[in-house]
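My questions will all concern the structure given below.
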Amino acid sequence: MTQYEAVIGVECHVELKTQTKMFCGCLNEFGGEPNTKTCPVCLGMPGALPVPNEQALTHIVRTGLAFGAEIPTFSKFDRKNYFYPDMPKDYQISQYDMPLTVGGEVTYWLDDGSLKSCRLTRIHLEEDTGKSTHAGSGDGRIAGSSYSLLDFNRAGVPLMECVSEPELHSARDAVAYLESLRRTLLALGVSDVKMEEGSLRCDANVSVRPAGSDRLGTKTEIKNMNSFRSVERAIESEIARQIGLLESGGRIVQETRGWDELKGVTHSMRSKEEAHDYRYFPDPDLVPLEISRELVDRLQAALPAMPWRRFERYTKEYGLAVNAATQLTDNLSLAQYFDDVVARSRNPQQSSNFVLGELSRLANETGVAVADSKVGVGHLAELIELVEGKKINSKIAKDLLVRMWGGAGSPKALVEREGLAQTSDPAAIERFVDEVLAANEKVVAEYRAGKTNVLGFLVGQVMKASRGKADPALANELVKTKLA
Amino acid sequence: MEETIVRSAAEIARDVNARTTSAAEVTAATLAHAQAVEGEVGSYLTLLRDIAESHARHVDERVRNGAHLPLAGVPIAVKDNMCLENTRTTCGSKILEHWIAPYTATAVARMLEAGAVPIGKANCDEFAMGSSCENSALGVTRNPYDLTRVPGGSSGGSAAAVAAYEAAIGLGSDTGGSIREPGAFCNLIGFKPTYGRISRYGLIAFASSLDQIGPLTRTVQDAALAYDAMAGYDVMDATSIDRPVEPAASGLREDLSGLRVGLVREFDTKVLGEESDALYRSAYRDLERLGAELVDVSLPTADYGLATYYLIAPAECSSNLARFDGVRYGLRVEGEDVRAMYDKTRAAGFGPEVKRRILIGTHALSSGYYDAYYVRAQKARTLIARDFAAAFAGCDLIACPAASCPAFEFNAKSDPYSMYLMDYYTIPMSLAGLPALSVPCGWVTPEGASRPMPIGLQLAAPLFAERLLLGAAHAYERATNHARAHKPELAGVRA
Amino acid sequence: MTPDTIDIRYVAKLARIALTDEEIERFSKELADLLGHVNALSELDTASVPATAQVVESRNVGREDTVRPCLDREVVLTGAPQRQGAFFRVPRILAE
């Protein structure tokens, strides 16, 4: 039986985070009352002219640099001509043969922590369209609708198109690629990258070929995937469909297929037989872009740490588990906080335990981010030092952390002031043990009768009597000895 | 009343600023006169009576408050392809027949800020495509010097309005000659500045890389005043040039001493007929008499101007005019689905010349033809611009005819290409982005005509040399005074 | 250069203009004639000549990312050929 290999390329459209739209001063903001964020420019009114948003250009160049792309000296805007009601000028200002960035690669990681990369073809800048709502059919779908309603608030929002090479070989890889892309764009601050709000939209080109072959099979383009989960399911389903078709002697047709979330299958949307004739030409309303090497150097120097590099450091240098490393990497402010704690505590594992454990729990409960909480990195490092030096036990540490969250300040000071240091003096603990055994004669008898599982209760009573300060291991040992 | 309306913009502004007359009086006289002659001339598609009166009052108030406005109370005609907030802006097309612009073009706003008063929106060839104003879908405009003849185009309404004293300054737009040719046809100065010198924001695009706003006036001084008011960078137009403007009104000259004027070897005026040929030769002698040194220059690729232009301009227009789709504004003809709606709307909304250019431009950009047509034309454009650069290495200005003939009779050019030939002498300068103007240089009586018609001399200068260009044109105008030889024969205007 | 032919039906479809049979015949002839004229450009040697998109040299004209006022929605929708509440309305859009 033939083994098949999937070949996947991903094309993403990402709305950039800017104050204003790409070519006019209208607010770039998700949602809002329909048609309230428009002007002559983004409505394509007669006589209106586009003027590029410099922030959006910078966002693209920074993104390219983050992925190691080449930034050509010259770039320009072109018009892509086709009629569609949600596109006000009936052409889209885009970039055809001279994109702002060329090449580069996205490094991503899989669940086992292995790092992989996928090359980028290009990243270019264009403008988003308005939104159509298809009405009259009941289900909001275009097919069968009798009319459509248009809202142009989104028209002209700066849009980054990021195209990968067909170098991904599984649905899992494709999602991991997207996750890495998303993390990087968040780290750069160039987009909110929210699939649910449409600020990240992606299509996948999928083909299969016999394993070992270097010829590409006929591809289909998958659309309508609105979460990472649906990307994964859609690609898996499409790969299975294509293999099934080939196995049964069928032929793959090059076409666009839509993902049906409910049915879990892709369905044919339109065939690509009739090629579009977009009549690209340089937009005569805009002048060429010349990106100076000085600007490139300046932007390069100011790039933030790349998430994948952080992940690599956490797993390889710090020895954190993939899950913990991913969780930290995915939360920029938390990761920064974590790095600062580690810089002082020199104990990545314990720091990660506190940051992802108790602190994250408190953050969730209170809705305050860890980095914005009253627990300073210095104080957390002190706490870790107290635990590591066996000055306090973990129960006390937890209690202290809750109080620190409330603004109690230095844990060292608290421990000293309140005498919370762990007792490891056997004589002192022995006194508590004797007290407890004397007060619990019945239980002691039970134990001696063979019901050894009451030991935990007795140790717990000792801990309680010591107000938590007793070294739990020592307490355990002493209780056992006394009962023997 | 006649004394009021025949005054130049400079004289009106002087008198309004001196408060020997008021903007309100000038406006009232102009509106009354327009009312009287519009039936014959038909310059305007929309008369802005209320807006003009309220602007005039505002100007008078600013003057009373001590403001000195360079165009105080000057009545202007605005070509109907420029937006003026809350007024109908049609582009001479059925597709925009009822469109109310929600904003004002930068050039218009700057004129108003300088004290000008908008009298009306002037007729033009549909979407500025044409050389006679006959392509307007909304009205007929006649040449005030002979009502059986066209005023030229595409800025024909603005030209006719100024020639008929319905305004002192007409705002036009020039893509391949649309200011200079009607200027020549209507005995006016028709001035197209350097591409990018005046903002195109609010000018409804025909061909974006060529369109340029400019004035039509009865004197060079008025053209300079209008230019000074409008020129300069605009943040709303990325193709407007961010570079200081040399004021032109202070650079008007009385002679041409020290200037070298290039005569284009390839432009033989003999082909224009004996009468015109003699007038151009005499115009060149006049330049020499004013102190200029005449030099021979060559523009070997200028002959390819028409071919280059009729690929680039339609290509850009095919894309620029896509937005007229019946969705957001303008005409809609209903269809059973959105594509049928597009097809019917655009079929009903555009006239034949606009359709021709959209079709040829779409073809020139389409798959398989792009390199052979569009890219080749862009390369030819480079060669034409280089020719001018080489020519200007040996001269300061170039002199040549402004149009291929004087104003012709209606329906005389039924073949599209014969109409395109009207712009033979103006297109090369447009392709090279150069500032150029037409200035009256004499009168000829075309065959079968009952009265003489004006012809124009075109002067062109290097990029951004508007001050020199207008200065030189002023010297020529002062010395020759051809414009004063005849007056339009209209009600209220004494011959 | 290319022959002086033009597929008027194809081009009219791209340009979204419905043409009558009479127009198709007329425009085919007129535009083939015009293409004959513009084909004169093939006489020019342009092999090593750069294309000019903008004749006046200019680069990097942009704007700062600062907000400007939007149009009032009523002004926007008043000019619409058809509106429904706060939206523009168009006839059904057929899937491509």
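So that you can tell them apart, the chains are marked A, B and C in the order they are listed, and the count of residues begins at 1 in each.
Basically, a contact is a pair of C-beta atoms (placed from the backbone, for glycine too) under 8 Å apart; a residue touches a chain by one contact, two chains touch by 3 or more.
If you're wondering where the values come from, they're calculated on a predicted model, not measured in any experiment.
Asks: Pick the chain whose C-alpha centre of mass, unweighted, sits closest to the average of all protein C-alpha coordinates shown.
Replies: C
Asks: Identify the chain pair joined by the greatest number of C-beta pairs in contact.
Replies: B-C
Asks: Determine, using the mean of C-alpha atoms as each chain's centre, which chain is farthest from chain C.
Replies: Of all chains, A has its centre farthest from that of chain C.
Asks: Between chain A and chain C, tell me the centre distance in angstrom, where each centre is the average of that chain's C-alpha atoms.
Replies: 41
Asks: Measuring centre to centre with CA averages, how many angstrom lie between chain A and chain B?
Replies: 57
Asks: For chain B and chain C, let me know how many angstrom lie between their CA-based centres, rounded off.
Replies: 23
Asks: Would you mind listing the residues of chain B that make contact with two or more other chains?
Replies: 99, 102-103, 209, 235, 238-239, 318, 322, 325, 327-329, 338-339, 342, 362, 366
Asks: Could you list which residues of chain C touch at least two other chains?
Replies: 14, 16, 53-54, 58, 61-63, 71, 76, 88, 90-93
Asks: Which residues of chain A are in contact with two or more other chains?
Replies: 40, 43, 51-52, 81, 83, 85, 148, 150, 152, 277, 279, 284, 286-287 - these are the residues of chain A that touch more than one other chain.
Asks: Which of the residues in chain C come into contact with chain B in the complex?
Replies: Of all residues in chain C, those touching chain B are 1-2, 6-8, 10-12, 14-19, 23, 27, 30-31, 33-35, 37-44, 46, 49-56, 58, 61-63, 71, 75-76, 78-82, 88, 90-94.
Asks: Which residues, counting only chain C, touch chain A once they are in their complex?
Replies: It is residues 14, 16, 53-54, 58-71, 73, 76-77, 84, 86-93, 95-96 of chain C that touch chain A.
Asks: Name, in rising order, each residue of chain B that touches chain A in their complex.
Replies: On the chain B side, the touching residues are 81-83, 89, 91, 96, 99, 101-103, 105, 200-205, 207-209, 235-239, 315-316, 318-319, 322-325, 327-329, 338-339, 342, 362, 365-367, 370, 374.
Asks: List the residues on chain A that touch chain C in their complex, please.
Replies: Residues of chain A touching chain C: 18-20, 24-27, 33-40, 43, 51-57, 76, 81, 83-85, 132-134, 136, 142-143, 145-152, 269-270, 277, 279, 282, 284, 286-290.
Asks: Which residues of chain B touch chain C once you look at their complex with the stated criterion?
Replies: Residues in contact with chain C: 99-100, 102-103, 194-196, 209, 235, 238-239, 241-242, 301, 304, 306-308, 310-311, 318, 322, 325-332, 334-344, 346-347, 350, 352, 355-356, 358-360, 362-363, 366, 369, 372-373, 375-383, 385, 416-417, 431-433, 463.
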